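This is the structure I have questions about; it appears just below.
We call the chains A, B, C and D, going by the order they appear; numbering starts again at 1 in every chain.
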């Protein structure tokens, strides 16, 4: 229990169910003096928001966040920041059909056994609805990191089902409804998603994230390494099944002479490491990938059991994303920003000057 | 700073450098009444120990662990357990050749910038030497989990460089020096490693780990999910670059109708999820994979810089494993056991009876 | 920073300023299955609420708490509980008179130097307004402790300025506006408070708290002792300046033959220890006392400085309690309940049955 | 469980029983670059050490601490510091006489019920033997605080049984075996202690502690206030029963016009607050008092029960301090230093310059 917080010095705690009155978060440890208003949070919330394209759930939430505390005269005060989003689109439909069944691939079964009393409406606490709060809190971290250190955190989908990006066009990512990295694949993607929708099926996705201009020295070995905390934060996103730093699983077949990033007076010659050496940021860009499983809410019939242990066949109706990985893009950015800011504050406590990586060092000649 | 602890209720804190006087750990929160002696820890320590085959470092450490506290009349008392291993094979050679250089791919560069004062002898704190303490602490967790709940945690190498296991023969894993899963590949492996040694190069590996008979209900969403904490613990092992739960990155190309594990009255029909649903154990076996990069300590010359920023070329001499992933096997088991026990205690605090998964439910028909 | 949480397994995190939009809290780790509604929280909130007598601040807040999550079908679900109280009586007066001054005895000076950007309206985050959230969260802990273990937590004022209670009449405490323990002193108290109000001065108070039927075994030495965590929680209440367990400072002049509580087959013969031995509950009643300083918001003129460092003389106008110790009574109960429940859950994680003290053992013959 | 750590960024974790092989600690989070050797720790250890006068226990321990890690080239490296003291004077006497009884006033009863398996030899983990590790860890914190910020932490006994100091002569405290503040009372004290020894009884004591030159801004409201964390750390010392900050319980009878510390351009006019306003250090000296109960190990016979619940009469033989409060003096200093350094690092993480209080502001004209 008590697992709804993340971070040590910059700590986010959240509450709220899919079909409850509201969702909210407390952001504790944001340094004082940062200019902050709701508008700073709304942009990322809108990117995550459902109902923005025909390939995300049709649920319509305004997702208007309110800052209830911690900001005075337009700037953070250093005290805890209360955030709230009211749930406006809770269709008061009858949920009795899913109250007594365990949808395959969902958290129904494990929540039932863990807690006994389970809010089954729309997935309750296990719904991705709570990730709106991660995005809101992450937007604060992103703003601080950028304003004070020039850190940029950005993510994209670089694989969706069988379709792989062959290039990363950062300027295109926010221009397409899939946050896809490669605009040459958009037609193919569009067709694939249409077909998928017809089938009533869903598909997985891979999200790539990069943080640039990260100061050297972030990470607290041997257990609270930067990469370990990133893995914790990213694997903790709904539907995440794998996390890779730098070359990730490709390292398995690499030789040491290939993998190690050589160094020159003007910087690293490569970035197989993904910006982390020995659990500590090296000043190179932090790079990571996250695998998202296909959502289990599909209309293809599946076998399951009910709470009495009897066999049933079910389809999951309702408004669901055929690919939850798409909307995960701003969530991934948020989690990375939260971890980076937390580690930046921890590192700074040590009284070492926080050294912003020189452009030379992060350059890859 | 203060990153040398892991766990909330079962918490392990460690200290020690590669070439210091000793390494040690404090295991805090082990429930009382568990029969425990040094012999329970030594088995796994011997599996991790260097010098046991020609394919691991030639450094010879007895790695004899002493239990300094927390055990009385042969049983744990519930108070903190002090563990100590003296470093016996610290060759007092001259380290001045690496004092002022940053070995490519090592933590030298990031430690230097983070801390300023860096113990460069044998990698200091960034050496995998500290993982002996993880193994010792993990052996305690493994024993408790097994004695009280019948949980088994076991790992193996299922890929080493280009060589992939095609089957998992658990009874063969501890019979070969590679902890390799597939005994049919041992000749091939042996030849590959010989060649690698001649080249002076190193290679990556993938470790697969499985925990069976895990009670349902472990994991504390939304941030302290079981899979998130496993990812944290596994990515925090030296040289780890990626962590997958269940099907991991394979999910990206899967459809929902394939990925979701259907349920029958006598159990789950598959285990794509890797035993975790919504961040909570489902009673299925927990399965995970970890990618380990090739060690950077190789005799193939590489470009780097020294602490004055000047270009140098260097080779890393000394006693090094050509594949650090091999010895990671008992470390992976240890980290999984530590996380599982911590979550078991957290879950039990909630006063829900800890339900051991029925054989039926963990069975895959 | 990030100091707005308390507890490990039962964890309360709060936000909100005196004159902000709302105050709120997240209660994380409440076990599932507890019947809970707003009505369970409102009783204690009403006891703490300002404006209930002429001796507390005239500020009028409905203090109506909303439960935003974590309860389903009338019972807790084990997920985080969001609590919210809107601030309804924020007089929009001009605060420019206190914006640039440091009121003596207040947190103005220390907040200014710590944070730079300080919400000076009504004390901002340093106002006791936030304690409403402690009371709401504590009411949940009290309900669980009582429902599942029969634990009772109750507090009273047993000294107010020079007036000391000579007896504790628990049935009288909630019958008088001072929560005073001894109804024989009420006339004297009433007169004292009238005089104080005329003087425009304030006064300190001592609150006594007792928890009965506390299971034996709560507390995690050597640092997270039960008494240490009680001291942390109680000293952390606004205006608290001292905390005593059992005989407290009277121990200094006691001899060992007097202080030690002898034991008989039917229980302890005395309770000088206050129910804690070696940092662990003994099954005797937990007893503690807390000293509250007089509020510094008085109309007696005082010397201070402004933010430019210039000498000023000031009086603190506004709606203030002449004795903040009075309204601290439900807050003290709340903090004790929060600590007890947190420790109960931590202890239960250890798999020892939680043993409820027998009536015999808590009896003092 | 898992209660053997204290601190967030500067964290101390300890292990060890009275009659075990060794006691030890891990100090995690000490900033790098601090000159440190065993000699820096030995001074305070010698002050705490038993056997130094006829009024402390006759147990003779060399208490020679070894630093096992975290120091390189004479300076801290920022990695975790392993500390070890071997127990040399574990008389291997027969403990069967106390194995089955609960000594009144001791932790025997509560440990037995909490853990089941209790190391009864010399009190096991509940013995004050573990405080040697607090002193060693605290010495590191003291050195850093003094070297980098000029902070001084010093304590003394200012009441022992009925004998109260009437002045604090800091230069006399370490010149007498009682660490007593007032050298005019030494003859009286000496006689009192002789009589007490003859009686076979023990007595309580009050320790006063002061930290000067503490930067303004330390403390993280609303729960991790500086005074709350001091209370936690001080109440967590063996035998502590009460903690006061500044005027403590005297506040109860004070009026606001007396208690509030007025401010002048050249500083505070008084220090009733004890250097903490709103949970944050004000730059004034931090002052606190701790009450220590009389040790329960006395030769005056007392009633108790055995583990079968039968009535017994017992006397506690062995080598025991008649007043444990005396040797608590360096422990109190250590705990205050640990808390101050932890908060200093937390505050510094916020990127506010740590402002050392000006002499003017800490002066009391």
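Basically, contacts are C-beta pairs under 8 Å (C-beta built on N, C-alpha and C of every residue); 3 or more make two chains touch, one makes a residue touch a chain.
None of these values were measured; they are calculated from a predicted model.
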Worksheet, complete the sentence: In terms of CA centroids, furthest away from chain A sits chain D
Item to complete: For the pairs A-D and A-B, output the one whose chains share more C-beta pairs in contact.
Response: A-B
Fill in: Gap in Å, rounded to a whole number, between the CA centres of chain C and chain A
38
Worksheet item: Roughly how many whole angstrom separate the Cα centroids of chain A and chain D?
Response: 45
Worksheet item: Counting in whole Å, what is the centre-to-centre distance of chain A and chain B, each centre being its mean C-alpha position?
Response: 26
Item to complete: Mind pulling the residue numbers of chain A that touch at least two other chains?
Response: 1-5, 8-9, 14, 29, 31-32, 78-79, 114-116, 125, 221, 345-346, 349-350, 352
Item to complete: Within their complex, state which residues of chain C touch chain A.
Response: 1-5, 7-11, 13-17, 20-24, 26, 28-33, 66, 68-70, 72-73, 75-82, 84, 114-119, 124-125, 345
Worksheet item: Which chain B residues qualify as touching chain C in the complex?
Response: 8-9, 29, 31-32, 78-79, 148, 221, 345-346, 348-352
Worksheet, complete the sentence: In the complex, chain B touches chain A at residues 1-6, 14, 102, 104-107, 109-111, 113-116, 125-126, 130, 159-162, 196, 201-206, 216-217, 219-225, 227-236, 238, 240-265, 269, 272-274, 276-283, 289, 291-298, 300, 302-305, 309-311, 325, 346-347, 349-350, 352, 355
